[in-house]
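Dumping the structure here so I can ask a few things about it.
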Amino acid sequence: MNGSTFGTRFRVTTWGESHGKALGAVIDGCPAGLPLGEEDIQKYLNRRKPGQSRYATARQEGDCVEILSGVFEGKTTGTPISLLVRNTDQRSRDYGNIAQSYRPGHADYTFDQKYGFRDYRGGGRSSGRETIGRVAAGAIAAKILEQLGISFTAYTRSIGSVEINNFDFAEISQNPFCMPDAAAAKRASEYLETCIKNLDSAGGSIECRIDGVPAGLGEPVFEKLDALLASAVMSIGAVKAVEIGEGIRAASLKGSEDNDGFCLKDGHVIKTSNHAGGIMGGISDGSQILVRASIKPTPSIARPQTTVNQDKEEISLEIKGRHDPVIVPRAVVVVEAMCALALVDLLFANMSSQLDSVIRFYKNS
Amino acid sequence: MNGSTFGTRFRVTTWGESHGKALGAVIDGCPAGLPLGEEDIQKYLNRRKPGQSRYATARQEGDCVEILSGVFEGKTTGTPISLLVRNTDQRSRDYGNIAQSYRPGHADYTFDQKYGFRDYRGGGRSSGRETIGRVAAGAIAAKILEQLGISFTAYTRSIGSVEINNFDFAEISQNPFCMPDAAAAKRASEYLETCIKNLDSAGGSIECRIDGVPAGLGEPVFEKLDALLASAVMSIGAVKAVEIGEGIRAASLKGSEDNDGFCLKDGHVIKTSNHAGGIMGGISDGSQILVRASIKPTPSIARPQTTVNQDKEEISLEIKGRHDPVIVPRAVVVVEAMCALALVDLLFANMSSQLDSVIRFYKNS
Amino acid sequence: MNGSTFGTRFRVTTWGESHGKALGAVIDGCPAGLPLGEEDIQKYLNRRKPGQSRYATARQEGDCVEILSGVFEGKTTGTPISLLVRNTDQRSRDYGNIAQSYRPGHADYTFDQKYGFRDYRGGGRSSGRETIGRVAAGAIAAKILEQLGISFTAYTRSIGSVEINNFDFAEISQNPFCMPDAAAAKRASEYLETCIKNLDSAGGSIECRIDGVPAGLGEPVFEKLDALLASAVMSIGAVKAVEIGEGIRAASLKGSEDNDGFCLKDGHVIKTSNHAGGIMGGISDGSQILVRASIKPTPSIARPQTTVNQDKEEISLEIKGRHDPVIVPRAVVVVEAMCALALVDLLFANMSSQLDSVIRFYKNS
Amino acid sequence: MNGSTFGTRFRVTTWGESHGKALGAVIDGCPAGLPLGEEDIQKYLNRRKPGQSRYATARQEGDCVEILSGVFEGKTTGTPISLLVRNTDQRSRDYGNIAQSYRPGHADYTFDQKYGFRDYRGGGRSSGRETIGRVAAGAIAAKILEQLGISFTAYTRSIGSVEINNFDFAEISQNPFCMPDAAAAKRASEYLETCIKNLDSAGGSIECRIDGVPAGLGEPVFEKLDALLASAVMSIGAVKAVEIGEGIRAASLKGSEDNDGFCLKDGHVIKTSNHAGGIMGGISDGSQILVRASIKPTPSIARPQTTVNQDKEEISLEIKGRHDPVIVPRAVVVVEAMCALALVDLLFANMSSQLDSVIRFYKNS
C-alpha cells in the first residue's frame, strides 16, 4: 500500500486505521510563514466529526488534532508538519462478529486478497476514519489558498432521490445535510427516516464550487487540473463518479450548446457561460471551478445479507454496531479538502511555467 | 508543463504537438522479454487514425510508428522504449485565421494564460493528436496484460442523445461508431447528419470493460485503482466525467440495492452482482472492471461563434479546416489505452504487497 | 522543504525538529506479513542514542519509539507504519545565545535564506536528531532484507587522522567508536582527548559492507544502485563524500588493476576481485557491496569563532551546550539505515524486470 | 529499468542504446519563453563527441541533434522538448566476439542477471553513448541557469597519477584533456602513451565549480542539494566517488579547520572560507559550489583478460574495437550537464519555499 501520498509539491502522506492507536498526516512542502494553529485544523475536523445528528454514527470521538512539528512561534517553518489524532473510542468488540466474514460493499475481501490478511477491526485502513488525515491536511491547503483569495463552497446536492432545487448559501450550515435548500433538506430527512426504518441506507452527491482560482493551473497532459481533481475525489472511499462542469450531461449536448464563448468585461477576458466548469484543456480558465462527486449508499446495513466467510462458507450476515445511514453530509468537507490539496499542488507547479517569472523571482529576491 | 509522465512503475512520457515535426512516447519500466514489433503498436494507432469515415476529419496522416530503442531481436530488453510518429500532413495554413483568437471550447486561452504565448497551429499540445503517444504506449501495456489473460472491450455507449440498447460484441467493429448495437449505430448516423447540416457537433460516452483482472490491484489510499483510472481517463481531452460501475446512478440507490453479495462458485469466492464495477476499497475484486467516460461535443464547429482575440477585441469567429463532427469513436481506443496503462502500473506495484511473495520471488530466482 | 520522502516503492517520510514535540517517520510500502514490534526498531535507535560515552553529547533522551499504525497482531498489514519518538529533554534555554547568530559550519544561515526565518532552538530540522526517523525506518528495511539473507556490517573506518589497520568484526561493538580494530580505537580515544582539550572536534569515515545482495538490483540509468546509495548517504548531515568500492582510489588505477575478472566456483559465476564494490553498470553483481562515507568534524566547537548575527554585525561566537566532539560513531547506524532503505526500494523495483517473472507471479498466486 | 527519468520539476527522460537506431531525451518542465535552437544543444554534444584526439575512440558519429517538439518560433513553449540523435556509425560487427562473454569491468553480467538477456552490441544501454541524452538535456538546463547568472567551470583534475598543480581557466580548452594546467596536460599525455603501449587504460577525476547560485536551493532532508548532486553524478557510468567541497579530506580536518566563518562585505553576509563547497545543511549558501567526481579507468583494454562466457566456460578474452584509453576528458561535459540538471530542478522547487513569495507571485501576475 504505497499509495498513501498525494501531491508532488505540496505532499500529504496519511496513515492510520479506524481502530489503531491514532491517525494522522504528514504535510511536506508547506511554504514557511503561514500562520497556523491547531484550531485552524480542528475547525475542519469538526465538520466531519461523527455524532452530530441522528443520521450520523453515534460513535463519540474527540478527534482532537495535535501539531507535532513544522510550526514554530505560530508560523509554519517550511519543514514537514506532522498531525496526530488519537483514537479514543475504539470499542472493537462491536466488530467481533464480522471479523471472519466479507461484508458486502466493503473492502474486507479485497484487502484479504491483496495483503493475505487484514485488520478486521472496523474497516481498518479502508474505514471512513482514514479521511481524518485528508481533512486535516486539506485545512492547511485551504488556508494557503485563502491567502490568495481562493474560496470553497461545498455542499450536498442530493441524498438518495432527493435533489436540491435552489441554492441558498446560508442554508448549508443550517441543516444536518449541508444542503443549500431547506425544503430539500426536509425531504431528505423524511427519505432517511424510511431508510432507517427499512434497515437500509442512502447515497447522494456532493458539489464543490471553487472561486478565485487564477487562470493557468494544471500541468498537461497527465496532471491536468481536472485529472488531478478526479483522482483526488475518486480516491475518497464510496465515490463512484466524478464530474467537471456539465459532467455526464456534456455527452448529450451539441457543440453550439456546450461551448463557452469569450467576451470582455472591464477590459478583462471572461467567458459568457461556464459549461466547462472552469477548466479548459486541463488548465483553469479563471472562472468558477465546479466538481461533482457521486457517493454510493453506506454499505453497512442492519438487514441480513448473503455473503461468504473466510472458511469459505456461505452465510447470512447481520452487521451490528454504529453506522451512518448516509455518509454524504460528513463527506462534504472531505471532497472540499481533496480539491484544496489538488489545487495547492498545481498552484506551486505553475510557478515555473514561464521563464520570465522564474527570472523575476530570483532577480528580485 | 511537467505533467507529461503517467505511471510510476510502468512510466510513459508523451511529447509532441499537432503541427510539430513528430509526436511520440517513451515507455520506461517495460519488463524484458515481451515480444514486440511495430505492427503490435500500429494496430492500435490505426484504430484512432483519422479519415476512416465521413464522421471523422479528412486529414490524412500515415501515423506510422517507429520503434527507436528498447527492443532487440524482437523482444523488449528492459530499457526505455522510444516511439516516434512523424507528422506528415500538417497544412498549418488552415489554422491561420484562428492564430490570434481564442476558440470557444478550446484551450487557446488557458495556454496563453499559462505560458505567455502558444503554438497556434492547430491545438498544439492540446490537440487530439497528443493521444498518439498514449495509444502507442497503451498498446504495449495491453500486450503485457494479454499475457496474463486480461482483456479489454471498449465501445461507444452513446452519441448525443442516441444510446445503445443492447450489447453485441461482434457489432463493435462493424460500424464507424464502435457501437455494439447496429440499430443504435444507424440512429447515431442520422443524428450526426443533422449535426453536420446544422454546422454543429456531438459528444457521447464510452465504456471500457476489463476482464481477467486478478483481485488485489490498487494501492490505497491515493493510488486506488478507481482513482488511477479516473485520473487516466479524465486526462484525455474532452472527457468531463468518469464513472466506475454504477457511477452516478449509485448515488440514488439504497444500500440493499447497491451492495454486491458474495457467494461460492466451484469453491471460489465470487460476487452475486457487480454494482461496484469490479473495485472495492480501491482494489480490484476479481470481477469485471467497468469504466465509463463522458465526452463533450467537438468544440470546433463551423457556425459563427462569439469570442475575443489577442488584441482584446470581441469578434465573431468561423472555424474552418477539417474537424470531426464527433470524436467519440476515435476516442474509444484512447480510453482503452489509458485504462491499460493504469492497470499495468498497479499490476507491478502489487508484486510487493506481501512479504511471502517477495521472499518466494528472490528465493526461487 | 518537500524533500522529506525517500524511496518510490518503499517510501519513508520523516518529520520533526530537535526541539519540537516529537520526531517520527511514516513508512509506506512495507509488505504485509512482516513480524514487527517496537523492540525491533528500538534496537536500532539505541545504537544512535546520545549519552553513551564521554565522546558523545550528554543530552539524555529516552528516544522510545511508539508504533501508531500499520501493525496488527504483531505483523505489518501493508498499510502505512507511523512511528513516533517524543522529545523529552529539550532544554531549549541552552540555545538562547545562538538564536540570533549564524553558527559556522551549521545550516542556520541557509535555512534563514531559504525560509525567511528559522526554528533557532538547536538545529531544528537540520539537527542530528532528524536522523531518528531514518534509523527507525531503516530498522524495518533491514528486517525485510534479513529475511532474504541480506546483512549489514557498518563501522568506523577512521576518526580524524586515525585509521583502522585491521578488521576484527567482534571488536566493532566493544569500543565506543564502533571501530573493528582495538588498537585504532585506543589511538582514536587519545586523538579525541586532544581535540576536547583544544576545544575542537573531529570528523571521520564510515564503511558499510552489505552481504547477500542478489544480482540484479538497480534501475539504470538514474536510479542505479550506486546513485541511490550516494543520494541516501550524502543526504545525511555532515557527509561530504560517498565512495563505492575503490572509490576515489579508482581514479589513479589502471584498467588492468581495477577490472574484476570473472571465474566459476561450484558452477556459479563469481568475480575474482571486487574493486567495483559489488556494483557494475549501476546494478548489483552478487558480490559484497561496499559504501564509504566521509564525515566532516562536528561544527559546534567551544572555542570562539568569527561570524555574523541577524542584525548584520560581525561578532565572536562561543557555542555552549552539549555537543559531541565527534559524531562519527553515532552516524554508523544512520549510514547503515540509509543503505537499507535504498536497497529495499530497489529490491521491490526489480521484481518487474522480466516479463516471465511477472507472469509466474500472477499465474501462481 | 524504470529509472530513466531524472528530476521532479525539470524532468529528463533519456532513452537509447549504443547500437540502436537512435538516442534521445524528453525534457518536461522547461519553462516557456527560453530561446532555444539546435545549435545551443549541439555545442554541448560536440564537447563529448568521440574522435577528437588520439586519446579518444576513433568511432565517427555525427551526433547531430534534432528538436522534435516543444519549440515554436525559436522559443520553448512549455510543452515537452523531444531531442533525437541518430546513430550513424554502428559497425556492430566489431562486437561480435564479445557477444557471449562477460567483459570485466562492464555491465554485461549484471544486465544479463537483471533482464534475462541483453543487447550485446556494444554496451547497449550501459554504453557511454547513453550520456548523449544527459548532455543534450543539460545544455537546456545550463541555458536556463545562464539567464540567472549561474555559470559552470568543469575540468579534468587528474588523469591516472597526474594531477593539476595550478588553475588556468583559459588552458581548459587548449589541451585534449580539459586540464586547466598545461604542464599537467603534457604529463598526462605521456602517462597515456605508456598506458596505450601497455594495452592498458587510465581513470581520473573531474571537478565542477558552479558560480552565481543563489542561497536557498536544496530541499531537506532527502533532496538536499548535495544529495541530488551526488545522485546525479554517481549515476554517470564509471563514477566511483562524489565529493562536495573538501570531500574526503573533511574527515581528517578538525572543526576549527573545516568550519567556514561568516563576515560582511559591502553589507552582504559572505563566508570567510569555503570548505563546505557552497552547501550548508543541504542548501546552497551563495558561495561557489564545488563537486568532484572520481572516474575509474576505461574497462575495455586490449590485453587478454580472464572471464566467463554465457555457456559458463572460463575463457581468456581480448577486446577489439575502438575504445578510449581514458574517458575522463569526454566525461567533463557530462558531469557539468548532470550538475545543471540537478540545480535547475531545485531552482524551481525553491520557488514555493516562502508563503510571501507565493502570494507576491500570484498577486502580481
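Note that the chains are named A, B, C and D in the order they appear, and that numbering of residues resets to 1 at the start of each chain.
Throughout what follows, a residue touches a chain if its C-beta (ideal position, glycine included) is under 8 Å from a C-beta of that chain, and two chains touch if they have at least 3 such contacts.
Predicted model only: the values in this text are computed from it and were never measured.
Shared numbers divided by all numbers used gives the overlap of an interface; between chain B and chain C this overlap exceeds half, so the copies present the same residues. Farthest chain from chain C, judged by C-alpha centroids: B. Remark: chain A and chain C have CA centroids separated by 38 Å (rounded to whole angstrom). Centre to centre, using the average C-alpha position, chain B and chain C are separated by 44 Å.
Separating the centre of chain A from that of chain B, both taken as means of CA atoms, is a distance of 26 Å. Among the residues of chain A, those in touch with two or more other chains are 1-5, 9-10, 14, 29, 32-33, 78-79, 114-116, 125, 220, 349, 353-354, 356.
In terms of inter-chain touching, the protein chains here all touch one another pairwise. Interface residues of chain D, counted against chain C in their complex, comprise 1-6, 14, 102, 104-107, 109-111, 113-116, 123, 125-126, 130, 158, 160-161, 195, 198, 200-205, 215-216, 218-224, 226-235, 237, 239-264, 267, 269, 272, 275-277, 280-286, 294-301, 303, 305-308, 312, 314, 349-350, 353-354, 356. On chain C, the positions that touch chain A within their shared complex are 1-5, 9-11, 13-17, 20-24, 26, 28-29, 32-33, 66-70, 72, 75, 77-82, 84, 114-119, 121, 124-125. Taken together, the chain D residues at the contact with chain A in this complex read 8-10, 29, 31-34, 76, 78-79, 144, 147-148, 214, 220, 347-349, 351-359, 361-363, 365.
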